[in-house]
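Pasting the structures here.
One chain, chain A, appears in both complexes that follow, with chain B as partner in the first and chain C in the second.
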Partner chain A sequence: MISMEQCDLLVVGAGPAGMAAATVAATLGVDTVLLDEQPGPGGQIYRSVTTTPVTNKRILGEDYWHGATLVEPLRQSGARYEPGATVWAVSQKTAADPSGFEVAYSVGGEARILQARQLLLATGAQERPVPVPGWTLPGVITAGAGQILLKSSGLVPSGRMVLAGCGPLLYLVAWQYLNAGARIDALLETTPSGRLAQAMPHAWGFLRSPYLAKGLRLMRAVKAGVRIARGVTALEARGDGQLDSVRYEAGGASHTLAADLLMLHQGVVPNVNLSRAMGMEHVWNERLDCWEPAVDAWGASSVPGAGIAGDGAGIAGALAAEHRGRLAALQVAHSLGRIDTARRDRGAAGPRQALARAVRGREFFDILYRAPKEFLRPAGDTIVCRCEEVTAGQVRETVKLGCTGPNQMKSFLRCGMGPCQGRFCGLTVSEIIADELGKHPREVGYYRLRFPTKPLTLGELASLPQTDESIGAVVRLKK
Partner chain B sequence: MFKRLDEGTGEAGHATVQITVNDAVVACRQGDSVAAALFAQGISACRDTAVSQAPRGPFCMMGICYDCLVTIDGKPNQQACMTLARDGMAVRRQHGAREVPA
Partner chain C sequence: MAGSVHSAEAIIIGGGLHGSSAALHLARAGISALVLEKNYVGRHASGVNAGGVRTLARHLAEIPLALASRDLWLRIGELVDDDCGFEQHGQVLVAENDADASNLRERLDLLASHGYVHEQWIGRDDLLALVPAFSPAVRGGVIAREDGAADPYRTTLAFRRKAASLGARFREGVRVGAIRREPGQWRLDTSAGVFNAPVIINCAGAWADRVAAQLGEPVPLQAIGPMMLVTLNMDHFLDPVVIGSGRPLSFKQRANGTVLIGGGRRAWVDRDAEWTELDFRALAEGARVACDLFPHMRGAIVNRGWAGIEARMPDDIPVVGPSVRHEGAFHAFGFSAHGFELGPIVGKIIADLVATGRSDMPVDAFRIDRFAGAPDSPDR
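This part shows the complex of A and B:
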């Protein structure tokens, strides 16, 4: 068994940012460990890229297969990659030795501790919650979930299937399903009319984007192959214990579609649970309606020795993530004394240029696909917190009773206190409170997140290796 | 609900794994998560919630929503989307909160 107790750099997450960062760091002589929750490398965007049963490359498309080019260099870099590993706590080592981190993680239900001089979070994004009536019904999943089922198991929808929401991923999933010959009954597009006009001032960047032609081809194929309803509002999943239909309004009329499967999507947001629990400073992104950690051009956060790369530091896409990972790794190698400033800056020139190219045109997409207010600030009986089954109406009523923020809201309603730890209600609860108080979400703030950032059992905790010091701290009687 | 891509469209042959779901034998593929195996079998609900006993099923497929909790080999609160199906695995629907044995 390889010794996993100490390293120079711990990278959390083996998506594009994490793979690229670990590769560069290890290649520069930094003793690097890469921990990832999934059984194989790739993150969500390149999920199962080494094992997917979908071997016809035309189905998932060339952008997906680009992920495979990151895997081999990682394997040859000397970085110690451990799959199936969930990080659940990070602490600064000690007051006397503040340089470095003690990181607790679990593999197969057994907890371990790792000491790392530096830490790089590459924990990526998650889909934004889409709180609509009935979104907790079996048969309703996220579009990303549908795509994961395709990538990891070669599963495509059978029966009546509806895609609903907005964002590039929604169209990508539709395109991949069409390539696979799968059935899509309808795509319900929630982008409000007038958005294109708002986005147009930013079209110049988009027109120079290397992905323009590819994106247009994809959109054309989807428009030709799928029935699309535009300007959809009042989206609702219906059924008694199981999805049976989707109701929506469009063009001033109400429509109902029979459905066995509904896939929802309203874009992606940074996964902030680890970065917040570590106490990193976060800022509100006005255009993307979400929090993101404050980072510098090298991905360094407000916590010394801890950086973030990839979508976890702000949504910019898979290619950008890869380059941000490389930049962060160069900075780590520099701060550990492996390379001098000149070598760091020389190494950074390529990734910086590629990064600028990769994010060109994003403003256009961000504005065009910004989630409509009704999905950000739901009302009535719509469940907001899936774990504790708290509704939007309850949150609104509780604000009227005098509740001033999301942390107090936990005490009133338990929202955000279930196993998902606010991942699927945090943004919505902050938005609703802001709405009721007439404040900005920035003023309302977010849940205070604490370790463990993923639920764990007492048995798991008890399996942690004990030092003499920690045993001495709790054992009173000694022989 | 979901079906496997046909062989002809590019799915490589993968070894078969057998699990049981509420005592019924379910054939799935090496590399399937338990949640994927459930969907492939047409099962979209895998638990009843602790709060209102409402049926729920896998939602995010990436380990963050905790809606796919099931009992696996007698152990409750297991994430079906984060657990790979293994031969002989016994998966059961989870009713409400987990029970802690006395």
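This part shows the complex of A and C:
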């Protein structure tokens, strides 16, 4: 029999939620392992916070550097942190001990299995795909990808740069690039004109938001340094094999801007590939037009023993993620018998208060920056599935042929079957099917996702430890 | 009394390949058929199996059906107006060592004694010439040159579409509950109301034992989920389908360059929740076999994995034929992870049985009462 590494709690993802959760759990005596894909802690929001070459703190801003304050307590906590570890499967029913989880992951091309009594996913958010004509051209990236370049390597692109879309991250990235000395030719704001009026009833929360003062300062700085076009529609990246211009409509006229780099953004959505592959229940978030796992106030999911903290459980931002991580860890420590109910609840009081403060004003943001329908439900030749190059028009045609769901669509068109495993097309395909059928995306559903949630080599898989059961679990061919 | 939309001459329970094929052949015989499918057509094993059109390595009792079905596959376009992605590159049962080779030789002798010549020995050098990517350690194998592979979901849909074009009806999202015998007909209580027909056909796959039990014909059926992996596309290196003999493996490269790796290793299955959990340690065994036979596969990128839920019988051959207790009831289920190739012929057998009371294919080995007195399956 093989010996397997074991732990009480496995946390997946070392962003704010994962770092805070691992810290709290380990401090309370829970034997905790924290696995993370990146070479260093921080997740996407605090990416490279321990290693970034951008040492001038003014450039990335104080909110970014707050991430550094989570790292030292993690190191002190006794949690076992393993960077460069990609989780690709979780099993429970086929685990040696089905009361817990077996998590398969790879480090440096070698596969390992870890046994965990409890599991906490802190896998965060991903950017919503922005399927506009030309978005697959070289030279078109997401604002988040642009931010990664800046944080991890300090790269500031030369050439003509355009940002387009909506959402707080778009302005943040613009601000950070300006701080780093970049020139931004234009920011194309796609927020429809009536949105502010719709969001106003929620302004009271926003006015008390911790983000307000900073946000206003940041937007003022961006407005001072960048030409901003408002009410942008019909956004299009153009070029022959490489981006050379951006076309859009605004103020009743069509405009074309020369561009070498276009950064797109339409907000972020929970990264649901792991939670779906585990069979967790998901609910549709009406305000944010996305799925999120159903969780209780402690982050517990519908799968017993498995929780989710941070943006992976519903978008609420980095500060909220940190507090949700702490709450989830308290609950884990409680359910493992390390602390009693009273101590859990006492410990939770602070994070709950801080969480309430952190999410104040979210409604205002969410309504103001809700992605316009034209980005959710594209048409015509716009590519929807980048991996298999399936267009919106093909998806619409296939619905007319009688295809009624995203899983049948996979079989018809292969959309969602490439290496991104639906991350770039899942929401769009469901929205388009819903559009064609006159149904709600909730009724249409989402891709069935299965492990491996991240591609791995067959050699890596073959390197998994061998057991008698694994050898025996077969249907024999007849002689 | 239910109206005509809720009745037909024959109601088929289950819209997989076999249900769709039965509908097609019934429609061709002028019998009105209605398929009731609880999810959507091709949802489980029919849509996601390995797509092997294989006469190779079959149980003796299945060989006549498999050969007759392959004749239908060779002109599948005439049957369903679609080529179903069928490609005829042969299938190879490979010997990894001397023990495998001697087992395969024994099998060939047995087949010869029954007069079957569709499987032939292929020596090591010829095998390496046919598939240069093989590890030089292989010892030869058995080849069925006329075998091939097709696209399972496309095939199932093609049968459905052709059947529908001939008048068969398909109702998806309709779950069959209680089945009762009434004078001259069956009454089916479903999630979409009551349906009636003088004939019912049980093509309910992994759930077929529940139908059979209601007819007083309990069977020891086990719901299984054979696991599959697929890689990202690779440069072309393989034409025939390769299957393992000593160690299980099913291995093929599709026209788009992706490589499909299966072989019967099973997922954990909850057939009520219609959920499977892949067993990665068992898949690792398959990965080891694939890497041993094809050393260059170590670097292949595994992109997705899945398992389709289907029925397995204790003797690994299906139940095909009439109910032994009731007039107007027929079964076609329990294909035990190798039913895809049989789809075209089994639908015809069932249609013949319904229309004429007999089939010219030997189906006695597949009688439903062969399990009478057998202990209950672990899955009940």
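Just so it is clear, the second predicted complex is superposed on the first by the 458 of 479 C-alpha atoms of A that agree within 3 Å, B and C clash if a C-alpha of one lies under 4 Å from a C-alpha of the other, contacts with A are read in each partner's own complex, and residues count from 1 in each chain.
Note that contacts are C-beta pairs under 8 Å (C-beta built on N, C-alpha and C of every residue); 3 or more make two chains touch, one makes a residue touch a chain.
Keep in mind the model is a prediction, meaning the values are calculated, not measured.
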Item checked: Partner chain(s) touched by A:Q353 [first = chain B, second = chain C, both, neither] -> neither
Next item on the list: Report for A:Q76: first if it touches chain B alone, second if chain C alone, otherwise both or neither.
Entry: neither
Checklist line | Partner chain in contact with A:T256 - chain B first, chain C second, else both or neither | finding: neither
Margin query: Taking the superposition on A as described, I'd like to know which of chain B and chain C A:I59 touches: first, second, both or neither.
Written below: first
Margin query: Touch test for A:Q198: chain B only (first), chain C only (second), both, or neither?
Written below: neither
Next item on the list: Tell me which partner A:G418 touches in the superposition: chain B (first), chain C (second), both or neither.
Entry: both
Check: Once the shared chain is lined up, is A:T233 touching chain B (first), chain C (second), both, or neither of them?
Finding: neither
Checklist line | Footprint overlap on chain A, where chain B in one structure and chain C in the other make contact | finding: 418-419, 455
Item checked: Parts of chain B lying in touch with chain A, wherever the complex brings them together -> 1-6, 9-12, 14, 29, 31-33, 36, 39-40, 44-45, 49, 51-52, 54-67, 69, 77, 82, 84
Check: Across the complex, what residues on chain C touch chain A?
Finding: 40, 42, 47, 57-59, 93, 103, 106-107, 153-154, 224, 226, 229, 231-232, 243-245, 248, 261, 263-268, 270, 275, 277-285, 287-288, 290-291, 297-306, 312, 316, 336-337
Next item on the list: Under the touch definition given earlier, write down the residues of chain A that touch chain B in their complex.
Entry: 37, 39, 44, 48, 51, 53-56, 58-59, 86, 126-127, 136-142, 144-145, 148-149, 152-159, 180-181, 241-243, 260-261, 271, 386-389, 418-420, 423-424, 455
Item checked: Parts of chain A lying in touch with chain C, wherever the complex brings them together -> 89, 91-94, 104, 111, 113, 279, 404-405, 408, 411, 417-419, 421, 450-452, 455-459, 461-467, 469-471, 473-479
